[in-house]
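Consider the two complexes below, in which subunit A is the common component and subunit B and subunit C are the respective partners.
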Partner chain A sequence: MANRQLTFSIFRYNPHTPEIKPRMQEYRLEELPGMTMFVALNKIREEQDPTLMFDFVCRAAICGSCAMLINGKPRLACKTLAKDLPARITMFPLPVFKLIGDLSVDTGTWFRHMSLKTEAWVHSNKQFDPAKPEDRMDNETALKIYEAERCIECGCCIAGCATANIREDFLGAAGINRIARFMVDPRDERTGEQYFEIMGTEEGAFGCVGLMACDDNCPMQLPLQMQLAFVRRKMAAVGWKYKPQAV
Partner chain B sequence: MATQQKLLTRNPRADMLVDLLELFSGLFLVGFLWTHMFFVGVIYFGANIFDRFSIFLDKYYLSYIGIAAVILVFLTHLVVAGRRIPNRYREQKIVWRHARMIGHTDTWIWVFQTITGMAILILGSIHVWAVTSGWPIRAMISAGRMTHFLWFYALLLIISEYHAGFGLYRQFVKWGWFNRHSVGAVLKTISVIIVLIGVGIMWVLLRLGGAR
Partner chain C sequence: MSMLTSSTDVLVIGSGGAGCRAAIAARGEGARVMLVTKDRLEHGGVTLMAPFSCCAAFGHADRRDNSGEHFKDTVQGGAYLSNRRLVEVFAAEAPQRIRELEAYGVTFDKNGDCYEQVAIPGHSFPRGVHAGFETGRQFQKALNKEIRKMDITVREYFMVLDLLLEGDRVAGVLAWDMAAGQFEVVCCRSVVLATGGVQELYHPYCSATAGTTGDGHALALKAGAVLVDMEFIQFYPTCVVWPPVLWGLHEVSMLVYMLQGRLYNKLGERFMPRVDPRRAELTTRDLLSRGIAGEILAGRGSPHGGVYLSVSHLPQNAVRDFMEHWFPGNVMRGYDLNGAGLDVCRDAFEVAPFAHFTMGGVKIDADGRTSLNGLLAAGEVAGGLHGANRLQGNALAETQVFGRRAGLAAASQQTAERGEPMPAAHRALERYRGWLSRRSGKSHHHFRRRLQELMWEKAGVLREGDGLKRAAAELYALRQEFERAVALRDDGMVYNHEFMGALETANMLDVAQAVILAAGAREETRGAHARLDFPSRDDENWLVNGLVQYTDGAWSIRHEPVAAAVETGGMAGGD
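Let's look at the complex of A and B:
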């Protein structure tokens, strides 16, 4: 059977040469068995156009750097197989994030802001004693934390979210999932009120309108609907009784 | 940034309260819509019983209280749920472009949720005006309205059930008590049943109007 001829229509723009307007450029490539978009893009860059910009590190769905819009949907290029796609493939950089050039975006700044905003570290007043054995944690809790920690920060949930597309301050599924991770962690001593200050607003849990494009497009299949709902319920329970201090 | 205005107007609970207001006003309106359908459904038992039921509701002022309450909650819902609708040209453009690009069912459903919301504002107001200006509610008067404005009522029926069904679905999704695919299926079934009841009512009223 002859291999398919694939046509790639790829978004091109380099912010350093703003005089060249954003445009779509076409490339043709023969499909190979087991070809991923990672392989395809590298072939295009090696054989046809060395100026094409895109990101890869691990090519194994671990680092999260290769996310892009493939036929409109946020996907990891290294995990997306040509055989699951039609012969005509369009590629856009992820929206929301700052464009570096062509298919390459800067997710790092966004995720760093999110980490600072959610204070994504264990808040504890306990003195750390390196000689003592660690506190034990039951397996169920550990698994819950691990489930949330599987996020690879690729940005697909943010790019797929209509709310995040129009509201820059919205922390999205990635941010809410991050907070959920600390909420179940018994080592984090933050109170419900402290979480509420971060998440009990439209930037957090109450900004979500429930479109679930995050849940449907997460390449790691994180249970994002349940994480969002968990944080929302928790925030409503805290907020209901919350007495903010007077200024 | 803590500016003087932000410090003085700070209410950390405001976003949550508005969100809950959206939830409860929506629940009330869905409850009303479905009750309304069963009330109008009394027509199945005949014009006579329908009229007597209407007289009963009027006698205890239930219809007046009900209409006033519904209008109030409706306006509340319009404001709090309407805040979600992107109101700047750029945002509108992004949302439409985004919805077309990502081809995601739930995102499209929400886009239509905003459109049906606006349509209900217009059509619902016309309906309330038509009913109150043609007061009281009697089977023959309703039958007359149905004969003259059949397509108007068909449209109102479908968009309001769409909006109510998916609005409810969205709340279940957000609070996450159940798996969203099964909730979606259940609510779709309920909505279809209610629409069918509604179509039946329209049919009865049409017959009544034609038999005059």
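Let's look at the complex of A and C:
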């Protein structure tokens, strides 16, 4: 059977040459066995158009660089197979993030803002003593932290989020997941009130309107819906000034 | 084109494990620190790719283990070319750095108060600590958090083009701020290179990230610094080349190590017993790579440029049970084997060796100081620790031990006045302006592809004197043509991906020269360097390190004896 001819309709725009209006450009490519969108884009760039802009680092679904809208859905290009798509494929950059050009967006600025806003580091007054073992942590807690840290910060949850598309300051599922990670970590000495300052707001856990596209779109299948529920429960508990049951 | 200037005390280039640790250490000493990366803090660097082990001699699994044992294993694994002083501080300090990462937020797998330490090939005792199967990512994320906490200036999309010298001292860098679309001179007291390896030279046979274009190696070369052990590139023997959707997946090595999977050439011959009659496929990584590459070169490879890896000699239910236990749902590192149309019980993968790690790099002392005043290096860009071959589990620990040491040394760099290296910057700029203004010529992809083919064929797993000579001649011509003819279709300055690609390709061309020069000079086979014309190890003549340098427009190589340890004054290790 002959290979399919694929038609890629790709969004082209460089914000620094605004005189050239945004447009869709078409490229044709023969489908190869096992072709991913990452492979296809590289072939286009190497063989047809060296000016096409898109991001990738690891080529193996680890780094989270190559997220984009593929036929309307936020996906990693390196994990999306041509054989699962129709012969006509459209590609847009992720919304919400600042456009660098074509399919490339600046997720770095967004994640830096989120990290600083949530103060995403271990808050501890303990001095590090290299000779002393760390305090014990039970296995269940360690697994919860590990699970939250599987986030590859690709931005799919943010791009697919209705609230994030409307509210610039919404911290989104990535931010809520990040805060959940510190809430369960006994090494972090922040109090419920301190977390409430960050997350008990419309920018935080209460801005979410519960559409849960984040959960559907996460390429790492993180339990984002559960994390939201966890953080909301905690925040509600602090907000109503009573001690919650163990969660 | 206008040019901005800025200043800092310590400039760290690269935001992987070593770069982040160096920045944290330097800032902790009170220095002003600027950490720059050509990508983004969350995505750049190869550290986050490391799935599993980080070795440190805690002795938690076996109380006989200690830093002396780790020293011995590392020296032996490196085929006796490791700088003993580097190995000494590495083995001694690795455990402290692991503890520190735990304080930063990494959740290691533990048994009570003890780290779970697993057996790793090449290490005499169970020594590998890990955070699930995502150790590298957990490291990187914890380090990123510390970076955000401290008052460290992070510049993303910021590529350093040249080191700027004032006299014999590095006084700053010429860089390109992609977001602003401007060239920028950063004046500083010291520069820490932490840019990773050169594996992209062998793409598509490259198991690292796409950014491993040897940027730091090239910066050091262009400034006249000494590089060491550049002939040693580690290849991971069994990476998938077919089915293509699994390209590069190296976890299939589990089928070799745990199921005694077999390798066949296209004639159906099991060839590894010829290479190592006793261990066959269970031999060391270097011999396995050589065996596979030998079949491919001899024209006995599989249709897609590899050899067959199969476990079909085993009962199908035994294979199914194994897969269900280790890779539930037949999913390996997120890749669905069923979706790839492959039945592990019956079908063979096609596998080939992929460039995995760069042992060689900028020559450093135990504090990360290089041969140039004001220039430091740490992590994969530095050379000397691993000698001729790196042991599994030693790379992550290296980033932490030497990142910290280089950061401390950089912060203590005493320089009276900060210079104004503007004339040097303007001279360096001419070259890049030339590329940007050239209207017709060839895309940098053209040069990169040709270089990668040349490196894979003539300076890859198996090398040979005549081939290396031809490679040197071809590379010379390629470099000349690149300078003359590389042209960009996009001449913008803001986030110009094509310009960035051309800069990387230029770096790769420089680094390739160093690899070929060093490989041609070493007339023996040792560790990751295999010469068909000199197939055995020659301790009489070659227990020396090769030093490559580029000065006054000329390349040179010389050799010097391996550096001894300080604490013991000795060269002990192994045997």
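In this text, the second predicted complex is superposed on the first by the 241 of 247 C-alpha atoms of A that agree within 3 Å, B and C clash if a C-alpha of one lies under 4 Å from a C-alpha of the other, contacts with A are read in each partner's own complex, and residues count from 1 in each chain.
As a working rule, a residue touches a chain if its C-beta (ideal position, glycine included) is under 8 Å from a C-beta of that chain, and two chains touch if they have at least 3 such contacts.
Quick caveat: nothing in here was measured; it's all calculated off a predicted structure.
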{"item": "Combined model on subunit A: subunit C and subunit B, fit or clash", "value": "fit"}
{"item": "Touching partner for A:H16 - first (subunit B), second (subunit C), both, neither", "value": "second"}
{"item": "Partner chain(s) touched by A:K117 [first = subunit B, second = subunit C, both, neither]", "value": "neither"}
{"item": "Apex subunit A: angle to the C-alpha centres of subunit B and subunit C, given in degrees as a multiple of 10", "value": "170"}
{"item": "First (subunit B), second (subunit C), both or neither touched by A:K43", "value": "neither"}
{"item": "First, second, both or neither for A:E149, with subunit B first and subunit C second", "value": "second"}
{"item": "Partner chain(s) touched by A:K73 [first = subunit B, second = subunit C, both, neither]", "value": "first"}
{"item": "Which superposed partner A:V57 touches (first subunit B, second subunit C, both, neither)", "value": "second"}
{"item": "Subunit A residues touched by each partner, larger count belonging to subunit B or subunit C", "value": "C"}
{"item": "Minimum distance between Cα atoms of subunit B and subunit C in the superposition (Å)", "value": "20"}
{"item": "Footprint of subunit C on subunit A - complex, ascending", "value": "14-17, 32-36, 39, 45-46, 50-51, 53-65, 79, 81, 100-101, 104, 106-109, 111-112, 115-116, 119-122, 124, 126, 128, 130, 132-134, 136-137, 142, 145-146, 149-150, 152-153, 185, 187"}
{"item": "Footprint of subunit B on subunit A - complex, ascending", "value": "69, 72-74, 92, 95, 160, 162, 165-166, 196-197, 200-202, 206-213, 216-217, 225-226, 228-230, 232-233, 235-236, 239, 242, 244, 247"}
{"item": "In the complex with subunit A, residue positions of subunit C that touch it", "value": "39-44, 48-49, 95-96, 99-100, 102-105, 107, 109-110, 112-113, 131-132, 134, 137-138, 141, 144-146, 148-149, 154, 156-157, 179, 181, 209-211, 243-249, 333-335, 339-340, 443-445, 449, 488-490, 492, 494-495, 497-498, 501"}
{"item": "Complex interface listing, subunit B residues touching subunit A", "value": "7-8, 10-13, 15-16, 18-20, 84, 86, 91, 94-95, 98-104, 106-107, 110, 170-171, 173-177, 180"}
